[in-house]
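For clarity, chains are labelled A, B, C, D, E and F in written order, and residue numbers in each chain start from 1.
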Amino acid sequence: MFMHNKNLMYTVRVSEPDPKLAALMLEQFGGPQGELAAAMRYFTQGIADEDPGRKDMLIDIATEELSHLEVIGSIVAMLTKGVKGKLAEAAEETTDLLANITQGNGSHTLSLLYGGGPALTNSAGQLWNAGYIDSIGEPTADLRSNIAAEARAKIIYERLINVTPDPGVKEALGFLMTREVAHQKMFEKALYSIDNNFPPGKMPGMPQYTDKYYNMSQGDGDARGPWNQGEQWEFVDVAFGQGPVSGGEGKPTVRLAAEELAAVEQTAARTKSRTDVNPVTGADLGAGPGAGKTTTTAGKV
Amino acid sequence: MFMHNKNLMYTVRVSEPDPKLAALMLEQFGGPQGELAAAMRYFTQGIADEDPGRKDMLIDIATEELSHLEVIGSIVAMLTKGVKGKLAEAAEETTDLLANITQGNGSHTLSLLYGGGPALTNSAGQLWNAGYIDSIGEPTADLRSNIAAEARAKIIYERLINVTPDPGVKEALGFLMTREVAHQKMFEKALYSIDNNFPPGKMPGMPQYTDKYYNMSQGDGDARGPWNQGEQWEFVDVAFGQGPVSGGEGKPTVRLAAEELAAVEQTAARTKSRTDVNPVTGADLGAGPGAGKTTTTAGKV
Amino acid sequence: MFMHNKNLMYTVRVSEPDPKLAALMLEQFGGPQGELAAAMRYFTQGIADEDPGRKDMLIDIATEELSHLEVIGSIVAMLTKGVKGKLAEAAEETTDLLANITQGNGSHTLSLLYGGGPALTNSAGQLWNAGYIDSIGEPTADLRSNIAAEARAKIIYERLINVTPDPGVKEALGFLMTREVAHQKMFEKALYSIDNNFPPGKMPGMPQYTDKYYNMSQGDGDARGPWNQGEQWEFVDVAFGQGPVSGGEGKPTVRLAAEELAAVEQTAARTKSRTDVNPVTGADLGAGPGAGKTTTTAGKV
Amino acid sequence: MFMHNKNLMYTVRVSEPDPKLAALMLEQFGGPQGELAAAMRYFTQGIADEDPGRKDMLIDIATEELSHLEVIGSIVAMLTKGVKGKLAEAAEETTDLLANITQGNGSHTLSLLYGGGPALTNSAGQLWNAGYIDSIGEPTADLRSNIAAEARAKIIYERLINVTPDPGVKEALGFLMTREVAHQKMFEKALYSIDNNFPPGKMPGMPQYTDKYYNMSQGDGDARGPWNQGEQWEFVDVAFGQGPVSGGEGKPTVRLAAEELAAVEQTAARTKSRTDVNPVTGADLGAGPGAGKTTTTAGKV
Amino acid sequence: MFMHNKNLMYTVRVSEPDPKLAALMLEQFGGPQGELAAAMRYFTQGIADEDPGRKDMLIDIATEELSHLEVIGSIVAMLTKGVKGKLAEAAEETTDLLANITQGNGSHTLSLLYGGGPALTNSAGQLWNAGYIDSIGEPTADLRSNIAAEARAKIIYERLINVTPDPGVKEALGFLMTREVAHQKMFEKALYSIDNNFPPGKMPGMPQYTDKYYNMSQGDGDARGPWNQGEQWEFVDVAFGQGPVSGGEGKPTVRLAAEELAAVEQTAARTKSRTDVNPVTGADLGAGPGAGKTTTTAGKV
Amino acid sequence: MFMHNKNLMYTVRVSEPDPKLAALMLEQFGGPQGELAAAMRYFTQGIADEDPGRKDMLIDIATEELSHLEVIGSIVAMLTKGVKGKLAEAAEETTDLLANITQGNGSHTLSLLYGGGPALTNSAGQLWNAGYIDSIGEPTADLRSNIAAEARAKIIYERLINVTPDPGVKEALGFLMTREVAHQKMFEKALYSIDNNFPPGKMPGMPQYTDKYYNMSQGDGDARGPWNQGEQWEFVDVAFGQGPVSGGEGKPTVRLAAEELAAVEQTAARTKSRTDVNPVTGADLGAGPGAGKTTTTAGKV
């Protein structure tokens, strides 16, 4: 059961309204690396996890992320407070209002559609969707997803800090960024508390394909490093035109029943390309009467 | 520049058509953990990376994932080959055809809408969207995202293998699963080849918040583990009702210009809730004449 | 700041695992009328509302909806617990597992992709998106949206109850349904606590168009009722072919600068339809040589 | 059957092209509160409604909304007519054209991608999706959704009017806004023409939970009003840490079959967190050799 | 201005309710090749087209497609009429109801979420989105898009007819299918009424690249046909490893200002991969103590 | 199997970084008419096509489009290289950085969220989704879709060229545009190589509806042209209010079983609109005590 304490987790002090900056902040409210995605990622995992310690940690952090969502949402609300009132009350000349909300980067949509309240979109107005959440219900994968998600969120906060002139906003972003670092450390500890967490899951790989590095991109720029050299790797230069790495004929096959085969052949006959004609085409028609060489028609029309 | 070798990377041998199984396989063609998402994740990173070795590796693996996309797509095409022909040529009684495509789990949509060709949807028919790709252009985050993505893809293949009765499909899935393990190892090597890759990015955390574990979820089930105990952690029991962890008043503030304040106050006055009345409401009206106690109207209407 | 109490708001007692029923329950976890949409609708409004009483209510209810999200998510987790373990550990014959997860209605995706954890999708696997949230930052509109949202959620719970055989699930759904009724009453009270809440917002309508009912759909089935009869309505039978209700020429106009006009005319000339020819078309070509009457070509090619 | 009268419902007179203003107008063409969403909301309800009067009204209004869609689309087409021609014919210097389409707020996408025609996106370029439509096929809910939708649409028009300097556009927006007010009144009449429309649907609530107000958000800012005080409410201060409001153990339970339990236990064992070690983690490795205190490894590696 | 005639364009006579068939029919109501997409494709084009004849045709057909949308929606409403009533009134035993709505292919979602009314989703429950509409405001492209869209819609109707046992539904689908054929012919005529409609638009291609066919996919299966042989084509076998077809160095370049270069170099240094070490990785840690050969650590930790 | 040659297909030479121009270029990287959509359209068709020549062509072109994706992605990477480094390293004053990334049209999101790497969004930040791909597995439809897609892509490149001042970018765009023309010609040849490709598919139309042109939009602007005049067309002026074109009663019908009918009637009774009252509504309440004429209440409350 969730409860709410009316104090923010972090005291937000914004210097002055700035709808343009507000729109940037949405990146961490309703963006892919934002706080709702974080909270829901851990919450959906925590509900279904059987391990008591990990479950506790996941819900602790999910709850903290909801508290962060409130912090960043409150920043947005403060930054838009000025324009919100003016727009609702038509407190300015129309042209001033228009200029005010169309300074750039999405602040017009934030003002017009969402009335200055924090919206579950990113800074470009893209609606949040649950495709941002990559929980799959296997801790040896999910914890790695969480580690990565925290790393990404840390970077987005770092970038926002780099472009934010308002000292109060900057400080709050610093807090939020720091907590992502702390969360990443927690998830790392939880992952490595699972014995034999690599490879993830239960099933071992096929030994003949586990240690091969296939050089699929070739030319000036080919390079070697610990990811494809050393005793644990077999480096394979794939030759263009070679057969499958599995051997075999390199074409997909399936056994069809007789009536299936008949139907397939019927389709093939109906949609067969004739290679013995050079048909006049719509493009030929469209190119106009003087289009010349491409219209050498065959006997088709 | 990409090139295509007409041999598959892995020879696919499907026993017989099975549209129901085909629909499951879409999970790795157009699903969130599937091969297109993988290929595009690494490709978008590789194009913009400045480090020559990492760039080479990213493009190598992106290219391999495109080759995997072709393998899984070919499996789908083989599994649907029977129903595709029959549907196109109306080669069966209508009721048999109907039964054939509505056996369950999305095979009807695969047949009707996509004509049996592999579609960029997951097994539930959800359209692939680029929200599945989490590249952000910072290697210390992106490599962690890649590690996690490979772990997830490995698990989805493992689950598909567990439910696939066709031995040829099972074997091809085994190859694809194994390569995800190999890729994860490569990305791990690449991440740890970057000195000081933690915390990701450049900016250090605020020291006072880096090592705290906030116990936000409390009650029977609270637990301790390496993620919140030991010398590197300060475990903080957050009390319900306490002030912000940052100190301060716990409310967001912003300084408004006079005309902004006037507009805000005007909105507040216009939309003020009266707490001194108990108004009749639409629900009261809707509850009907005998609805009783809730309709104690005040002087509002 | 949010906190979490490890007790559920409502004790969930599920009789036995049932992945098919679990998939239905997702409708209220990650569906459009589900608990996340509810929580986020009220939370985004509450953060930006200036009225202290309404703000308090919005956050109270948002917090309760998060607690409901946990209840419905826990129901899903219990209903999938059986298949989840079997799939992860391959604890059954492949064909039994396949049959188990493809009983119908999305349970295959829930199992394969989400590993049996509650997912932010509806019962068809459609990813949750923030387009479900209709908050616009004006209380006289938002409260009406909330009233409607609670009414919808109530109905979806009612339908789920009607199809749920498990008594423990049924009871928990009854609780959740009832709370939607209670919330609707709260939002009704809050709406009617605002004086002059109709029309919503500030600007009055144009008097000549406020009370007209335009009969745009005509024929057998035309009907009258309180929505278009009585002294407050002017019923207008729109005649097919009549001019605009505003008067005027009925065509959109704009004044173009000379160089704009020139460019528009240039485009018009370039893409002009000739009405003096009967051109051969691609369809004519495609219809084959004996297609007859449609190929009366003009002098175009 | 729909028919089209070549006269607009309202004569649109635009002063001069303005692609920036055009982009704002898209909010009501392809935005969530726009005319397509309105038309489709009522149309999908009307098709399936059994009540003759309500069905007639729904189709009347749906048809009018399609006519509004044409009005707002024509405004967009007029506002973009200048840039459209110039871009298609390259009628200006490249740099002037570039400046022209990148004045801000989405006009670049409207020009480049949609060629200046009205697009089914909102003012930020977000594609319209059917998640905006909340029809659920129960009139006591759907009519409330319609009332709310009209209220929201009214507000968006009001905001657009407040920022529109063009008098012809302003006037047309005034007409459209006014009609939303009229429609809201119609839907209100239709809702209250249904006896006992509250609670919506058929099933009564559980009496013990119908009148309780749970105070879930606590602290400085707690407030009382008609939504939680008065004889119809029981105000419940939820204590942090208390048990479920339903009583019971507060944990979800399910009865597993023996082989299900075995599989669950196997998963739990495989993914168990060890709490007796402090493992070296990836973050520890990444922090570099001098990272100090966090690397107190246990016997794990 | 749109008007509505209460007669359907085509009289729909459904034999008996069948929710499973209803779900399939959604493909043409809210699917990508369905009637809403068609209507909106032509409507958005027609509003902005300057050519009077083409504009008239586009609006004629858009209006007809709206009338088709009503026909297919009415089919869905008839097919779901039985289950809709039962679900709303709980007129059956719970288990019968559950069985009734979970027969397969999306009918559960249609019943539970949409209450049996036609929904703007495809047959898999995927929400309609405006990405299905490809209008770009240039008639020489848009008319080709329309031709293709009609061809696709024709095929989907053909497939639906092939699986529909109900004779009344089959007949109505036949009408709808036939009209797509007629529309395709109209759009073909309109396209070829534009002189010099190929290449589309205004700008000619670069002559050196207009007639080349690049053989990018090579091996067993290479083929020739009118699309790559004959006098109008130059067939180019691209050699793997060759330079760019444009000549030049084959690498992207940009001139950076000094401070830009400095920043890029700083990033490169910070995120440099060391190729002289074989670092211990997270995967190595996770593989457990006996994992052997992969853990040959270098001096990194 | 795909392979990658480290040379670009076309040598890209960008003059100087320009994040604003980069954002426009995204239209062809991750936009609906962009290169990923093209590659995936042909690739999904090619995998399942049975005709050897057409299959070869589809994969050849799909592979070339992937190579184009790399070209346009490299342009984006070059154009953002400057701001990317500065943002990552905070190499400028905060206010300069802020100004730099918020010049307009999406460059802020490209910088903040994607770190300057090419992103699979369009120029407005809309995430790419597979709804852009219209492959349906029938060559007589798919080839027409491909022809149309190439025509659209050609136009978008033409528009980008018209607004691009950078000569190196302009030249590369010219190459990409030209190849779309060449591809269109290839697909035209392939379509017309299929005998009797019109109507698409197998089933003939119903003769009575194949050649009719329904004049559904009427009034000043009605026009005639080759699409509705000439011997192959029967021009039908649809009268407003007429019956269905099919004859019959113009209403949808279905036969219900007795218990279905009972349930439907029960719903109808429960949700019946009373037309004999003029109920007080929520709007009446909200309009305030002096709202006058609309509150003539009937005996309802």
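As a convention for this text, a residue touches a chain if its C-beta (ideal position, glycine included) is under 8 Å from a C-beta of that chain, and two chains touch if they have at least 3 such contacts.
What you see is a predicted model; the values in this text were computed from it and never measured.
*Asks:* Identify the chains in contact with chain C as well as chain E, in label order.
*Replies:* Expected: A, B, D, F.
*Asks:* Taking all residue numbers at the chain D to chain F contact, is the shared part over half or under half, that is, same or different?
*Replies:* Copies use mostly different positions to touch.
*Asks:* If you average the CA atoms of chain C and of chain F, how far apart do the two points sit, in angstrom?
*Replies:* Here chain C and chain F have centroids separated by 21 Å.
*Asks:* State, to the nearest whole Å, the distance from the C-alpha centre of chain B to the C-alpha centre of chain F.
*Replies:* 23
*Asks:* Please list all residues of chain F that touch 2 or more other chains.
*Replies:* Correct list: 1-9, 32-33, 53-54, 59-60, 62-63, 67, 74, 77, 84, 88-90, 104, 106, 113, 115, 121, 124-127, 129, 131, 136, 138, 140, 147, 155-156, 184-185, 189-195, 198-199, 201-203, 216-226, 232, 240-241, 244, 250, 264, 267, 270, 273-275, 277-285, 294, 300.
*Asks:* Classify the inter-chain contact topology: is it line, ring, star, complete, or other?
*Replies:* Here the contact pattern is complete, since every chain touches every other one.
*Asks:* Contact residues on chain A for chain D in the complex?
*Replies:* 1-7, 50-51, 53-54, 87-88, 90, 94-95, 97-98, 101-104, 106, 108-109, 111-113, 115, 121, 124-127, 138-140, 147, 184-185, 188-195, 202
*Asks:* Residue numbers of chain D touching chain E in their complex, please.
*Replies:* Interface residues on the chain D side: 1-9, 30, 36, 40, 43-45, 47-48, 59-60, 62-63, 66-67, 69-70, 73-74, 76-77, 80, 84, 88-90, 113-121, 127-131, 133, 135-138, 201-203, 279-282, 285, 289, 295, 300-301.
*Asks:* What does chain F use to touch chain C in their complex?
*Replies:* Going through chain F, the ones touching chain C are 140, 191-192, 194-199, 218-220, 223-226, 230-232, 240-241, 250, 273-275, 277-279, 282-288, 291, 293-294, 296.
*Asks:* For chain D, which residues are in contact with chain A within the complex?
*Replies:* 20-21, 23-24, 27, 31-33, 104-106, 122-126, 129, 155-156, 159-160, 162-165, 216-222, 238, 240, 244, 264, 267-268, 270-275, 277-284, 294, 300
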